[in-house]
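After the structure tokens below, expect a handful of questions from me.
To keep things simple, chains are lettered A, B, C, D and E as they appear, and every chain counts its residues starting from 1.
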Amino acid sequence: MRVSVRNLTKIFRVGSIFSLKKLVAIDNVSFEIGSGEIFSLAGESGCGKTTTAKILLGLEEPTNGEVLYDGIKLKDFVENEMHFLKKVQTVQQNPFSTFNPFRKVEDYLFKTVLRFKMANTKDEALRLIEEKLSVVGLNFDEIKGRYPSEFSGGQLQRISIARALLTNPSFLVADEPVSMIDASLRISIVNLFRDLKERFGISILYITHDLSTAYYVADKLAIMFRGSIVEMGRAQDILDTPFHPYTKLLKSSIPVPDPEYEWDENINLSSTEREEFFAKGCKFASRCPEVMSICRESVPPDFDVNGRVVKCWLYK
Amino acid sequence: MEKIAVAENLRAYYFIKSGDKTTSIRAVDNVSLHFFENEVYGIAGESGCGKSTLLKVLFGEIKPPLKLVDGEVVFKLDGEEYRINSMSLDQLKKIRWKYVSYVPQGSMSVLNPVRKIRRIFLDVIEEHTSMSREEAFSRIESYFEALGLPVRVLDSYPHQLSGGMRQRVTIALATVLNPKVIFADEPTTALDVVVQRGVIQLLKKIHKEQKNTLVIVTHDMGVHAHLATRIGVMYAGRLIEEAETHEIFKNPLHPYTRFLINSLPRFGDRSRKEGTPGSPPSLANLPSGCPFHPRCPIADQICMEMEPDLIEVARNHKVACWKVGVER
Amino acid sequence: QFLNVPREQTVIVPGPKTANPGDFNVIAGWKDPHRGIQQLLLEPLWMDDPVRGEIINALAETGPIYNEDFTKMIVKLRKGVYWSDGVPFTADDVVFTVEMCMKYPEMARHMEFNEYIDKVYKEDDYTVVFELKKPNTRFHTYFIDRWGYWWPMPKHVFEKVEDPVGFTFNPPVGTGPYVLKDYDPAGYWVLWERREDWQRTPTGMIFGMPKPKYVLFYAYETDEKITLAFLQNQLDAAGIGPQALKALLKRSKYVKLYSDFPFVPLVDPVVGGITINTAKYPFNMKEVRWALALALDIVKLSETEEGNMLISALHIPPLPLYRKLYYEPLEEWLQNLTVNGVKVYDPDVPLKIAEVAKRYGWNVPDDPEKIKLGVGSGWWKHLPDVAEQLLLSVGFKRDKNGKWLLPNGTPWKIQLGTNPNDLVAFGVAQQWREFGIDVDVITTYISGINEGNFEVLITGNWPAPEPWGGHADLHRTLYFFHSKYQNKPLGEGVGHVSRWFDERLDKIIDEMEKLDWNDPRNIEFGREGLKILAEELPTIPIGTIGVLTTALVYNDYYWTNWPTLENPYMMPYWHWSQFKYLLTFLEPTGRK
Amino acid sequence: MKFIKSYLIPRLIQYVYMVVIGITLVFLIPRLSPVDPIEQILNTRLRIQNTTPEAVIKMREVMEELYGLKGTLWEQYVNLWKRLLKGDFGPSMVYYPASVISLIRNSLPWTIGLLTLTTLISWVLGLVIGAILGYYKESFGSKILTGILMAINPIPYYIFALTLLLLFCYVFPIFPLGGGFSVGQKISLSWSFILDVIKHGTLPALSLIILGFAGWGLGTKILVQNLREEDYVVYARMMGLRNSKILFSYVLRNAMLPQVTGLGLSLGGIFGGAMMTEILFTYPGIGTLAYNAVRANDYNVMIAISFFSIIAVATALLILDLLYPLIDPRIRYR
Amino acid sequence: MKRILRLFFDMWEDLRFKYAVTVLTALVLLSILSIFSPYDPYKWYVLPTNQPPSLEHILGTDGKGQDIFWLLTFSLKNSLILATIAAVFSRIIAITIGMLSGYLGGTTDRILMALTDTFMVMPVFPLLLLLSSLIKNYLSLPILGLIIGVFGWAGDARVIRSMILSLREREFVVTSKFSGMRTFEVVFGDFVPYLIPVISGGFIGSMMGAIGFEIVLAILGFTRVEIPTLGSMFHWMINFQAMLLGYWWWVLTPIVTAVFLFTALYTLSLSINEYLDPRTRMQRIGAVK
């Protein structure tokens, strides 16, 4: 499935209902996810990744802009809710809060199958569930009758993916699906995404702030900063040679699992996160090492650099 | 190098009573280790394997349902020996923060929400030293300056600080009295990479200046690579491998450690990597023999039957695996 | 100990709490006059005294003087009376007050005065003339004080006031023997001081000096606190419930009861009992009402009060005056009264009730006459069989559990409204239930009673309006039953809430209204009226019900010579207007 | 500015609608019921005097006029607001022509004096003792005292107060039976008067304090028990801070926050008066006024008391909301 | 069923739960005993009055000539019924309003919360007095229960609303939605389990409130005092001056019963709340050892 996001803007009114204060969580974001493509959205926390995902999933209304699924407007798509949910599925960040601790895990699986009419009888449903579980390396007997608290995080995350696959979706939104899992399990989940893409041609929006896994799976990568995409292009290109100063900072901050590696200089952090949201001009200006005077005055437009989108005055 | 703390045969279980039967969760099982002066010891291992519990035992903070079943921890501080697990609360108070301090997991909630940072620091200093209030204030301020933290933070309430700043304040709080040993439990988890970098740099700086022993727990091998001088890898409540950082990364011996190191994705490398198969065991119901054997690709009969001890297979490199190193 | 006046010169009696303690202008509005205002401060023209059975001329020198056709009334005033501020009391004050009341609708007697008075003027300083629009043989009763209502007010004070209704009359000026000394701004007490010139008041002129220098009205509110105050001699008189009385008798030797048995004093001219809405089915049937009465066992009912009950079969209380004029002459008639052919009157009820009291350990005299003096005369026999026949005769049936069904076959359930602690009412409910009638007791205030929104009441809505008590005339009791007031559809206000009327009674009332108040023929008419009421039994008088069941106790510690049943020199209450006269009889004991 | 627009104004709007809806309900409840307040006054009069039935009907008309009971419900309602906005609560029915406001003015100082003091004392006591009980909840003393508080708490106030009364006014006659001050005392600022007032207020105050204390204490105890496990308290203990410091600066300070709301509501609730206390101790105050008003169907008094009490509680909540950021730094005016 | 039994036995470990359940069971049994009463509670003067306890009348008799023990059984029964009605009714309102408000949001939320706010500031006690004095003719136990219930929901509705607001944002709700579940399935499957501690705590709290209110109203004579309830026992005990007269058995019976009833309800709510709260539950299990 092809997903186009055009000029998406989301403004939250902060504070009470009478308040006029606005917070621009997503600022005019456009991107495209091709069929059978893993598109990764990365950036520090609070930059608007989840909000983007929620809009794509129809859980949040955009203030402006539109989302097209294979050319169909999201609004029209969502009209037929069951059909939409069947085509677009999600895997969430925290496997421990993906499932209600008071519900048996199998409940979710059976409900998904039956409600989306993937099967008519219980037996058929069971077969389907077995099938999808085997994709993620589990079998039904391990799951039967158990509550979420009885599983490890990795197992839950796999169940969560298996559940999403039950409807044979064309598009999967995975919002930081591995951030809460141990290093040793992380790679297996990410491998799974790769397989899904390759075997079933599913498009995946893979949201993360772990750039090394993005590098590992993503075809395309967009780096978000304070609501805007500051750099977007082929994942490997961006991470091998980042252009935007923020991407550079981000990349260099990743603790490389190599004892030989040393950081060159100390970085400076903003002590309150809110301020940058309300700055005019480039939002990174206050801590950009290469800041120029224009940066503080006006917001840089998207520059095309070697087939990459970069939102920085340096590349004018 | 002097050993500053030695732990022998630690066993610490959680006892959980439900209905009429009690289950014990063996969160720390037969762990022996020691720390040297002025080193950074990293404890790695996947979540739920007992890292935090081990740290609590080492710090002497054992409360029901956790019980120390066996073993003890001995600190050698200023020539005195302290058997921390047999000390009363009042005795513990005397060494805490002055000699041994603790940076808890999840700094978000450990600062009193209705007290200004300055007051919290003051509480600690007044409790453990005989400094006057003025002295204490100047001490706090100069310490903040030394660490490169903005002094105005002192007059904020915890909720006014960003997550990274709060974590750094907590670290400063734990080290303001220049303790000999600092235990830090996942000080960077749940932080943004950029912020995480700031925290790591702070810890490094403190360590460099104060020359104390830093014991740091995290499952992020990247963090270990940056900070630790020695690393201990835990699995299912046991220490399964221990070596200097370079050694662990270059030459992981235990199959689990190997999975751990090799599955780390790196820039410039998109080749397929494999994660550890299977899922971690339940600490309440461990498999017989080596607890890793169900997931181990090279396990054989003995692994299922007997548990391997942690033995030194190379200089300063200990492993608990039947299949590794010298004959056993 | 918490009193800053000499205790031995002070009489302390319970008073009501008021939320508006600074307002003494009782002629306007409808506020409580019994904080000492009607008792001590003000004198009426005439005072009614049920205990002595006479009308006392207070500010008036004589009774009213009517002209032939009762269209003119002349009142002669007592000379030498002075207001407490030293101004003489004259006809001007009376005329002024009457005219003032005619002017303001919020003022006492406004309606009646405007209906009857054509002109009021003074003939001389001590003679007031009322010219009436239409004849009224009992016009003067509007000026008789029995429990407060209308008193002459000082013209020299009120005429200077712009708004006599909102005027607080503070400090008040009166013709009574006491003046205001102090009052609680929170409304719990009022302290009165005897006037230096008490001789210049009707009280002083008729009865002499009131003995206490001070009188304190103090609101103790609850029985518990009244008892405690009494035990600490911080209270000289009180009306308390039987239970508190028991506690008191147990602990104090200075307790003096108005009457030992029954402790309920026979002084109030009301008769309590069962008020029935005869406009409601099935209470419109005389048989039903009689059945309800005969289903009651009055002796057993008296157990609710441990035998301390007053009994009246007739619709007037057995006060000494009424016994002589009505009960005794009608005794034989009562004894021969039959219902369904059965004689229903039992003259020995008082003695049987005395037995009950004896059983509960009360101090009962042996002399049957003395018992009857206290308890009253007889009452209806307990005749469940007759009651049953009566009900059957009008079509009622019993179901298989013995419960009564209405003639249409539905279960009969009576709604009985009463007060939350009226034990007699609960006793009545018990007995009716035993007889097979379902009773719902409603203990909270019921609205719309006057509009007919009730079935049966045992409350202050007496079975019949009160007679004067101090005068033989029963017109006041009877005329409320006149069909001109009673013959109204449900929902409209009526005279007496029973809504019962009878042509025979109408005639009697009309006749009485033509007679002078003192005409002895009134007594004959009164007897006839009582007979009709007894035969028809629109309501069932019992005697004392819960609200009336209070013991009248005095404290002999500082003051003695309180009135008693044997020596009823004056209405014995402190909240009635006669209290000022009572005070002249007291003797200090000299105790400190 | 931002504060006014984004916080104060919406909060004031809330304040206004709470009051308006509240008053409307208070207005409607008695009017939708069949009770006729005038009837009771007439009834009392009828019983004592020989008023003719005709006169009664005329009197009724006069009274309806006087009390604003004429017209349709809507007209009455509009009239009510017209009067309320002028601060005119009309005349009392029972104490006619006294204005309702003057009645309330007579009672209010006593109620406020007694209740503010007792509420504050029992709140502070309950907070401190409750915190200690919760913090040392394993200790024997704590268990015993908690048990005692739990046993006292459910005793009906009337019984409890009556026991005190019997004990201290009769068995050991130390305190007066009731009233605000001694008969004959002149209201002044002299020592003897103040002493006298205190002596009269002691028992009512004591009864309120003990029962109030039991309530607050138990509430605080539970709060503190939970707070004890908060990360920052656990960490403070790890840091080796003294128990007293932890108890007061860490636990109590945080336990106070939810309890402040309760305090605000109680202080606001003062306008309802302490009915039982006032009846039993014959202590002057708004409670008996309300009680008697309910019994006599004195509409205007009831509406006025409800009005004040709604205003008071709403105001207390408003003030609290405005003050809260001062007590709890986490809360800002958003 | 097995789960419930296990739950029960788990909680039975808690001393307070033991106490609460024991006392409540005893009190409920006592109230059930009323079926076997040899006396009609509406019949007075059937026994000699004011008799101290004896073998025949184990709690003595009162001034109305009733057996106090058997009267107590009826009173308890009625008070418990009243409390249950009030609690159920106020819970229904609280849950409905809280859920609707939290789930629907927007204008509905604002209107419902305006109503809720108002009920928070209403002077409950004077209004209760007023109401019960107004509808006296119809003031049966259930109606009194409903009236008390009407004033006891605002606080909990607010709590439930805010819980729903935060639950709505929980990730598992998204999972439920993407599993194709319907709204009612989400409400009952995802929300209700979290609301149960609040609801059960509120239930017990409002039971206590109702019993307390009934006692106060009855003492003041604003209820139908012929109906045996704890309140009417107090009413008559005070009315008959049992304290002044030293009828200790009559005085102590309702007091002791009330104290037991309240402490039991109170500790029950404490232990249930603690049990359902996972954090304190851990702690408790540890402490028992």
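The rule is simple: a contact is a pair of C-beta atoms (placed from the backbone, for glycine too) under 8 Å apart; a residue touches a chain by one contact, two chains touch by 3 or more.
Treat the numbers as computed from the prediction; the structure is a model and nothing was measured.
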{"item": "Minimum number of chain-to-chain touching steps separating subunit B from subunit C", "value": "2"}
{"item": "Partner chains shared by subunit A and subunit D (touch criterion as defined above)", "value": "B, E"}
{"item": "Most distant chain from subunit B by Cα centroid", "value": "C"}
{"item": "A-B against A-E, pair bridged by the larger set of C-beta contacts", "value": "A-B"}
{"item": "Chain of greatest Cα-centre distance to subunit A", "value": "C"}
{"item": "Length of the line joining the C-alpha centres of subunit A and subunit E, rounded to whole Å", "value": "49"}
{"item": "Inter-centroid spacing, subunit D versus subunit B (mean Cα positions, whole Å)", "value": "55"}
{"item": "Distance from subunit D to subunit C - Cα centre to Cα centre, in angstrom", "value": "39"}
{"item": "Chain centre separation in whole Å, for subunit E relative to subunit C (CA means)", "value": "45"}
{"item": "Of all residues in subunit C, the ones touching two or more other chains", "value": "224, 445"}
{"item": "Two or more partner chains touched - positions in subunit B", "value": "160"}
{"item": "Subunit E: positions in contact with at least two other chains", "value": "133, 238, 243-244, 283"}
{"item": "Of all residues in subunit D, those that touch subunit C in their complex", "value": "33-36, 39-60, 62, 66, 92, 94-98, 102-103, 106-107, 110, 162, 165-166, 169-170, 173, 176-180, 182-185, 187, 200, 279-280, 282, 284, 288-289, 292, 295, 297, 301"}
{"item": "Complex interface listing, subunit E residues touching subunit C", "value": "42-45, 63-65, 132-133, 136-137, 139, 221-226, 235, 238-245"}
{"item": "Residue ranges of subunit A in contact with subunit B within the complex", "value": "44-45, 151-155, 181-191, 194, 209-213, 215-216, 236, 239-240, 249-251, 253-259, 261, 263, 266-267, 269-273"}
{"item": "Complex interface listing, subunit A residues touching subunit E", "value": "17, 57, 59, 82, 85, 89-90, 92-94, 97-100, 102-103, 107-108, 111-112, 114-116, 160, 163-164"}
{"item": "Residue numbers on subunit D that touch subunit E, as the complex places them", "value": "14, 17-19, 21-22, 25-26, 29-30, 33, 35, 150-151, 153-159, 162-163, 166, 218, 222, 225-226, 229, 265, 268-269, 271-272, 275-276, 290-291, 294-295, 302, 305-306, 309-310, 313-314, 317"}
